[in-house]
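One structure, as C-alpha cells, below. Some questions next.
As written, the chain order gives the labels A, B, C and D, with residue 1 at the start of each chain.
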Amino acid sequence: MENKVIKTIGVLTSGGDAPAMNAAVRAVVRTAIARGLSVKGILRGYSGLLNEEIIDMTEKSTSNIISRGGTILRTARCEEFKNPEVQKVAADICRKHGIDGLVVIGGDGSFRGAGCLAKLGINTVALPGTIDLDIACTEYTIGFDTAVNTAMEAIDKIKDTSISHERCSIIEVMGRDAGYIALWCGMATGAENILIPEKFDGNLPQTEMEVIESILRSRAKGKKHHLIVNAEGIGHSYGMAKRIEAATGIETRATILGHMQRGGNPTAIDRFHASMMGAYAVDLLIRGGNKRVVGYKHGEYYDLDIQEALSMTKNIDEYQLEIAKILGKTVGDYH
Amino acid sequence: MENKVIKTIGVLTSGGDAPAMNAAVRAVVRTAIARGLSVKGILRGYSGLLNEEIIDMTEKSTSNIISRGGTILRTARCEEFKNPEVQKVAADICRKHGIDGLVVIGGDGSFRGAGCLAKLGINTVALPGTIDLDIACTEYTIGFDTAVNTAMEAIDKIKDTSISHERCSIIEVMGRDAGYIALWCGMATGAENILIPEKFDGNLPQTEMEVIESILRSRAKGKKHHLIVNAEGIGHSYGMAKRIEAATGIETRATILGHMQRGGNPTAIDRFHASMMGAYAVDLLIRGGNKRVVGYKHGEYYDLDIQEALSMTKNIDEYQLEIAKILGKTVGDYH
Amino acid sequence: MENKVIKTIGVLTSGGDAPAMNAAVRAVVRTAIARGLSVKGILRGYSGLLNEEIIDMTEKSTSNIISRGGTILRTARCEEFKNPEVQKVAADICRKHGIDGLVVIGGDGSFRGAGCLAKLGINTVALPGTIDLDIACTEYTIGFDTAVNTAMEAIDKIKDTSISHERCSIIEVMGRDAGYIALWCGMATGAENILIPEKFDGNLPQTEMEVIESILRSRAKGKKHHLIVNAEGIGHSYGMAKRIEAATGIETRATILGHMQRGGNPTAIDRFHASMMGAYAVDLLIRGGNKRVVGYKHGEYYDLDIQEALSMTKNIDEYQLEIAKILGKTVGDYH
Amino acid sequence: MENKVIKTIGVLTSGGDAPAMNAAVRAVVRTAIARGLSVKGILRGYSGLLNEEIIDMTEKSTSNIISRGGTILRTARCEEFKNPEVQKVAADICRKHGIDGLVVIGGDGSFRGAGCLAKLGINTVALPGTIDLDIACTEYTIGFDTAVNTAMEAIDKIKDTSISHERCSIIEVMGRDAGYIALWCGMATGAENILIPEKFDGNLPQTEMEVIESILRSRAKGKKHHLIVNAEGIGHSYGMAKRIEAATGIETRATILGHMQRGGNPTAIDRFHASMMGAYAVDLLIRGGNKRVVGYKHGEYYDLDIQEALSMTKNIDEYQLEIAKILGKTVGDYH
C-alpha cells in the first residue's frame, strides 16, 4: 500500500439503490470528520462526478438519515464510465476538488469503476451496496436484509388471502442473476416452490411442468393453498399463473413485487453493517488502503483487492435449498 | 320486525376476503355465546352452505385470530347462488342445521344473497366486508383501513427509490369501480396524480396525455421524481409507464400491488369496528332484526334494510380530490 | 365573520406532539401557497412565537415530511402564555411579522391560546392535534390513529410472550384523563380488562381487587394468559403487577409504553385527515373564519367557535365498553 | 458418536421465549417427518417433560406458525431440573415415550439440562434460542434479530418525539449480562450514549456523570435532542432520567421497553436461521450426534460439544463500540 496522506474523502452511491446506503454515507461522513478529514458528497454516482455535482458534507448533512431508505446522494447508472477517456476526466475532477480518497457504494459495476479510478491515482474503497447479495467476497451486502424482509412481509399478506380463497399464488421477487432474495423469503414464508436463476436452464415449460406436478401432488394430499416464489431472472409470472390455472384448475394469481424491494426504512442489520462498513472504509483509506472492497466474512469486516473480489464466484447452498423444499411441502392448513 | 326467538346463529364470509373479517367472526361467535346462543360457522361462503360445510363454533374456535388477516371460515364466490332454486336449498339447509339467524360478512353481492335468504325465512344481517369502501350506506367497511395502509407503506418504499433514481413511478392499487383506496393512499403519500374510475371516461390516451403534461410541468419547475397512483379500474399501468417514458424521456416504472392489499394483520380501526359490527349484528338478530345491513355513519353503528342499502349510491368528495391535487403538486425535493 | 383579507398565514404546533402534525403543517403551507398566500412557520409553539422564532415556509420546506412522525416546527408547552399581557405581546409579534391568520395545531390548551389571540385581532383557526382523542367537538384528532396502532402492535408482541409463558401482562398506555387509547387498543388486542380514567373512582385497591377476581375466574375456566390494558390516568402498573402476582400466584409483568406512542410514521388515516384539516383551515381563514376549531363529525369536516368547542364534553360509549369486555373474556388458547 | 438408530424425536422450548422458536420447532417437526421419523412435542420445557405433557406432532401441527412470535410448545423455567434425581426421572420419561433424540431450544441453562440428559442416555442437540445473543459459540441466536428490530423501531418512534420536544430520552433495552441488543439498536438509531453491562463497573453515579457531561458537551455544540440506550443490566433508567434532568436542566424521559422485545412476528433472518438450525439438529441426531450445540459461524451451520460450548466466552467488539460512539456524536438536527 502506498502511504499517500488522505485529507479529503469523496463519497458516492452508484447503480441500483439499496436501503441503508444512507447509513453508509452517514458513517463515511462522520467517521471522516471525527478523524479530522473533509468530506465531499458526489451526487448521482459516476454521472454526477463527471458533471462535477460535488457538495461539501458536514455532520449535519447526514442528520436523521440513518432510518431512511434511498440515498440522499441520489444514484444513477453511467454507461459512458466504461470508456477509459471518461475515467481520466473523472480522476482529474477528483483531483481538482481535492478528493484524495473515494468511497464508492454500489454493486459489481460500481466496483469496476472504482478499480479504474484507483489505477488513475485516486485511492478508492468500494462497499457492497446491493439488495441482491450477489457479491462473492462477502456474506452480507448493504440492503439485502431490508429487501428480504420487505418481500417476506408482502408474501405474508398474500398468503393470508391465498389461504382464505384456497388459491395458488406466485410472487415474483427481485434477482436477475441471483436467487438469494427468492431463497430467503421463500424459506421465511414456507413457499412450496422456489424458482431461482441458478437452477434454471432456460426451459420454462419444463420448469412450469414441475411446479404443476408439485401442486397437484400437494392438492392430492389435501393442501388447499400453494405459494410459489419466483425470481425475476426466470420471470414470466403472469403467464405462469395462467398456465398453472389452466393445467390444474386451481385459481392462480401472480404478483410482481418490483421496486418496493429497493426502498423502505432499513432494518437493524442493514443500518449496523452499513454503518460499520462506512467507518471501516474511511479508516482503511487512512491506513493507505487503495483499490479495496470491504466485505463481511467469518463474523468480521475485512478488505480485499477489487480485482480479486470481482473474480470470485459464489453459489446458493444446496443444503439450504433442500431444507426449504422439505419445509414448504406440507399438507397442513390452519383451519 | 317479527320476533322469532333466535337460538342458533350461523356466520359466513363471502366474496373477496378483507382484513379483520376474522375480528368480525370472533365478535359474532363470542357475543352470541355471551348472550346464551349457539353459533355455527359456515365454511367457504354460500358455496360451503350449499355443501353443508358447517361446523360448531366455540369461544376457543376464535382464539388469537383478532390479529390475523384472512378469514378462518375461508371464502368463495358463488355464481349459482343467484338462482332462486338454489337459494331455497340453502334456506332449507339452514333450517336443517337449526340456524335461525345468519350473519353474512361480504360486499354487495353477499348482501343480495342475504336478502334472498331473508325472504325465505332465515333472519339475516349483513356486515360490509370489503377493502374497497364502495358500500354507500356506510362510512366504513371492514378491511379498507388495512388495505389503504398496506398500499401506503408500499408506495412509501417505492417513493424512496423513485427519489434516489429521480424516476417516475406508477403504482396500481385495488379498486375496480371505486377510487377510495387510490384517493386515500395517494393523498397519504403525496402523489402528484391520482387516477380513479369515478373520473375516468374510458379515454385512456387523453388521461395519459394529461398525466404527461402534468409531469412535464413539474419537471420544468424543478421536480425530479413523480408519483402516480392509478386505480385498478383504469389499469394498463405497465403500458402507461412505457408511454410516459417515451413521451417525457423520464425513466418510468410501474408496480401493480395486487392481492397483498387483501391480507396482512388488520389495523386497530379495522379490528375495532369489525368487532363492534360483529357484536351489533348478533344483538340486532336477538332484537328481531332481519334483512338488515349494519353500517357506521355519523359516528355511530346503525342498521338499515338490505334493499335500501343496495339502492344507495355514494361519490368521491370533490374537495378531497382538489386538496389531494394541490398537495401533490410541489417542486420540493428533500435533498 | 369579519372579512379581513388574509395575505400571510402563520402556523405553529403546540403542546404534546402527535404523529401527522407534519402532514397538517405541510397542508397548511401548500394550500396557502396554492391560494396565493405567504406562510410563516413559528417554531416551538407559543414559546417560539414570543421569541420571534419565525421562518419563511416554501413548498420545499415541507417536502417529504408527510410520512414522518414528530413536527418539523418543534413544539413546546408555554405556561406564561396564560398571562394576558404575554398574549398581547404575542399578538403584536404576529402583526410585526405580517401574520394576519394563524393556524394552531394542538390540544385544549393550545385552543385557549388561539382563542385569546383571536380576541386580540389575529384571526385564528385551531386543529385538534392530540393522540388522546379527548376533544369533544370532533370524532377524530390528529395522531390518535397512529398512537393506537403503535400501542396495539406493542401489545400484540407482549401477548406472544405472555401466551408462551402463560403469564399475566399489564400494559400501560397513554391517556391521563381519557381512556380512548386504552379502549381502542384493548378491544383490538382482546384484552380481558381495560382500565380507563372515566370509570375510575380513585379507589385503586378496589379496582385491583376486581381485576384479580376476574383473572381468577378466567384461570378457573382454563385460560392461561391474561392481558390488562391500563390507562396512564390510573397508572401504578408496576405496583399493580406485584400485587396481582401476590394475590393470584400467577407471574405478572407490567410494561409502560410511554412516549413511543407519540412518534412513528403516521398511518394513512392520520395523514389523510391531517392533510384535509390543514387545507380546510387555510380555506376557512380565507373565507373570513376566525376563532374557530376544525373538527371531523358525521363524515365531514366542519368548524365551530373555539369557546363552544372548549365547553363541550364527550363520554366513552357504554356499548363499546360492554362489547370489549365480552370479547376479552374467553377460555380459549391457540394451542 | 454412538450410532443409536433414532426413530422418535422430541422437541421442547425452554427458558425465556424468543421470536422464531416456532420456526425452529416447525423445522424440527417437518424435517423429522420427511426423514421418516416420528416427532413428539414436549410442552412447557423441562417442567412439562417432568409432567409428561407430551403430544404427537404432525406436519399440520406446525402449519402457519413460521410467521408467529412466541412458541406453540409454551416455555417455562424449571429450577428443579438442576437436581440429578429429577434429571433421571426426565430421562426415564423420555424412554417411556420412546423419545430417542431430543432437540432443546433455549439458552445456556437449557443447554446444561440437555447435557445432563445426554449423559443419561438420551441423545440431545441444543439450539441457541435467546434474544440476547449471549451464547459464545455462535454468531447468531434465534430471536436476536427480531428483538433488535423491535427495539430499534420503538426507539425510532421515541426519537421523533424527542426531537419535537428537544428532550433527552433514555431507552432501556433487554440484556442483563450482555450488551448486544443495546449496541445494535443504539448503533441503528444513532444513540449518543450506549450503556452496556460489559463496560459497567457497578459505579452508577460515575456512569451517569459521564453521560451528563456528554450531553452538556453536545448541547454546547448546538445539539437539541439526546438519545441514550441503556441495557437492563445497568438499569435504573427512571432514576437516571431524573438525575440527568436535575443536572442538565434538559427535560429527560425514560422508557423501559421490556417484554415486547420477546414477541412479534419474526424477521426473515430469524425465520431462515431458525428453520435451518431446526433441520440441522434433526439431521445431526440422525447422523448420531449427541450432546451437541448447533451454532452459526463463519457463514456456516456447525455443531460442537455442549460442554465445550458452555465453556466459551465472547466479548463485545471494541471497534464496533468506538464507531457507535463516533457516529452518535453530532450536532446536526433535521430542521
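Quick notes on this structure:
Quick note on the criterion: contacts are C-beta pairs under 8 Å (C-beta built on N, C-alpha and C of every residue); 3 or more make two chains touch, one makes a residue touch a chain.
Given the structure is predicted, the values throughout are model-derived calculations rather than measurements.
Touch-path distance (fewest steps) from chain A to chain C is 2. Centre-to-centre, using mean CA coordinates, chain A is 27 Å away from chain D.
Taking the mean of the C-alpha atoms as each chain's centre, chain A and chain B sit 35 Å apart. For the pair chain B and chain D, the distance between C-alpha centroids works out to 39 Å.
The multi-chain contact residues of chain A, meaning those touching 2 or more other chains, are 156, 159, 163, 265, 334. Taken as a graph of touching chains, this assembly is arranged as a ring, one closed cycle with exactly two partners per chain. Pairs of chains meeting the touch criterion are A-B, A-D, B-C, C-D. Contact residues on chain D toward chain C in their complex (touch as defined above): 13, 17, 19, 21, 43-44, 68-72, 74-76, 150, 154, 156-166, 169, 253-264, 334-335. Touching chain D in their complex are the following residues of chain A: 26-27, 30-31, 34, 58-64, 66-67, 139, 145, 148-149, 152, 156, 159, 163, 184-185, 187-190, 265, 267-269, 271-272, 275-276, 279, 297-299, 319-320, 323-324, 326-327, 329-334.
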